[in-house]
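Everything on this sheet refers to the single structure shown next.
As written, the chains take the letters A, B, C, D, E and F, and residue 1 is the first residue of each chain.
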Amino acid sequence: MNTMETWLYSLITRTPQEGFELAIVLSQRGGVLYTQPSEEIRELLRPVYSTNADSLIAVSQVIAINFQTVAAANNYWRDPPRCR
Amino acid sequence: MNTMETWLYSLITRTPQEGFELAIVLSQRGGVLYTQPSEEIRELLRPVYSTNADSLIAVSQVIAINFQTVAAANNYWRDPPRCR
Amino acid sequence: MNTMETWLYSLITRTPQEGFELAIVLSQRGGVLYTQPSEEIRELLRPVYSTNADSLIAVSQVIAINFQTVAAANNYWRDPPRCR
Amino acid sequence: MNTMETWLYSLITRTPQEGFELAIVLSQRGGVLYTQPSEEIRELLRPVYSTNADSLIAVSQVIAINFQTVAAANNYWRDPPRCR
Amino acid sequence: MNTMETWLYSLITRTPQEGFELAIVLSQRGGVLYTQPSEEIRELLRPVYSTNADSLIAVSQVIAINFQTVAAANNYWRDPPRCR
Amino acid sequence: MNTMETWLYSLITRTPQEGFELAIVLSQRGGVLYTQPSEEIRELLRPVYSTNADSLIAVSQVIAINFQTVAAANNYWRDPPRCR
């Protein structure tokens, strides 16, 4: 694995939407940045999947899985916490 | 990531069906709006996946994953809450 | 999203099998009814996926994910509840 | 949905292996029996997926998801229960 | 389902790595041994998926799902248990 | 299964990013090292999936699933723990 600068400090976000956007960051990091470190190749791949319906659905699925993690970390932004 | 207007305020919904419909919104946002910001291309893709059985099944899967998150956030709309 | 009549009142079912059948309903609603509102096209797609082994396996997967949600909502139909 | 005889009485099993086998039953029911009620067609599909490596992996995945549900229902067959 | 000898006694393992290896066993059992009982055919399929990148990724996914189950069963090998 | 040296000592990490990187390790081990022990073949496969958008998305998904496990093990790196 590459030694990388710190990019993930916390799973805690102020709002659900920030949590969703963190899930997108996690989805982009996983598999892509770590598996294909070349920015040039990544740029070549982007138009391929961003214009393919099934690829976009697959991206949505990865985001959904990461959003489960982030949402649980934030106790679903329930305030006051119900689960206490 | 694009700076976006606020579209996700809370995971809490009044009813299971509203929760399911929120899961659909999350599924459409993830991967699609963020990954393919062009509305024109999205409109071109829509007839492709909406008439393909396997794409529709894949969409169902993303919704199912997001519904897990929303349902957990709402403590499964159990009333009175059983898990207390 | 279409304005729809109420079709999902509760995730609570009396038995595991009713819960499984609710998971099937959720799987059919997600992605299909909401993404492809035309009943005519849905009828055309049905013979396609119902005779394709991989499509049927993918359908099973969506149902399995929704069944996780329904089973958790019902505290796995454990009676008397163990998790108390 | 078809009216079906009762086939799922409980998610509770005596042992992990019985739980795994229940997960297999759930995987076969979902998508297959309910989506393709014709036994004749199901028999035709069986040799297709049972000799295809990717189909078998996909089947394993559905079983793994259902096993998560069954294992949670049984509190992972921990005895004496640790999580109490 | 075949009557099988007992192969799964417990989800509890001493270490995370043993848990990971149990997840591999569960992934091989599900779908493969139960769905394709012929050892001869299984041997024919092995070189197909073990040299195909996408098949290997799919295998990794099944293992990841089963590892979630095993890790939860073992309370993530946290010692002393934090979640109490 | 091969007898392997110990490579997985704990799911506990100091930071979320270390947890994410552990999830990558788990994703590489599962399916790949255990299913395809030949380093030579693995090296041949790497350029195949690392330049294919859909393969990279699939890798991201495996990492997302493993990250759920690692994040839960670490109680989402919440400090002080909220869920107590």
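Note that in this section contacts are C-beta pairs under 8 Å (C-beta built on N, C-alpha and C of every residue); 3 or more make two chains touch, one makes a residue touch a chain.
All of these numbers come straight from a predicted model, not from anything done at the bench.
A.B. asks: What chains do subunit B and subunit D have as common neighbours?
C.D. replies: Of all the chains present, those in contact with both subunit B and subunit D are C.
A.B. asks: What's the fewest number of moves from subunit A to subunit D, given that each move must go to a chain touching the current one?
C.D. replies: Minimum step count, subunit A to subunit D: 3.
A.B. asks: Just how far, in Å, is the C-alpha centre of subunit E from the one of subunit D?
C.D. replies: About 15 Å, centre to centre.
A.B. asks: With centres defined as the mean C-alpha position, give me the subunit A-subunit E separation in Å.
C.D. replies: Computed value for the inter-centroid distance: 26 Å.
A.B. asks: Provide the list of subunit C residues touching at least two other chains, using ranges where the numbers run on.
C.D. replies: Expected reply: 49, 52, 54, 58-59, 61-62, 65, 68, 72, 83.
A.B. asks: With chains as vertices and touches as edges, which is it: line, ring, star, complete or other?
C.D. replies: Its topology is that of a ring.
A.B. asks: Reading round the ring, first subunit D, next subunit E, what is the order of all the chains?
C.D. replies: Beginning with subunit D, then subunit E, the ring reads D, E, F, A, B, C.
A.B. asks: For a test of understanding, state which residues of subunit D touch subunit E in their complex under the given definition.
C.D. replies: 15-17, 20-21, 23-25, 49-54, 56-65, 67-68, 71-72, 76-78, 82-83
A.B. asks: For subunit D, which residues are in contact with subunit C within the complex?
C.D. replies: The touching residues are 1, 4, 6-12, 26-32, 34-36, 41, 45-46, 48-49, 52, 54-55, 58-59, 61-62, 65-66, 68-69, 72-73, 75, 81.
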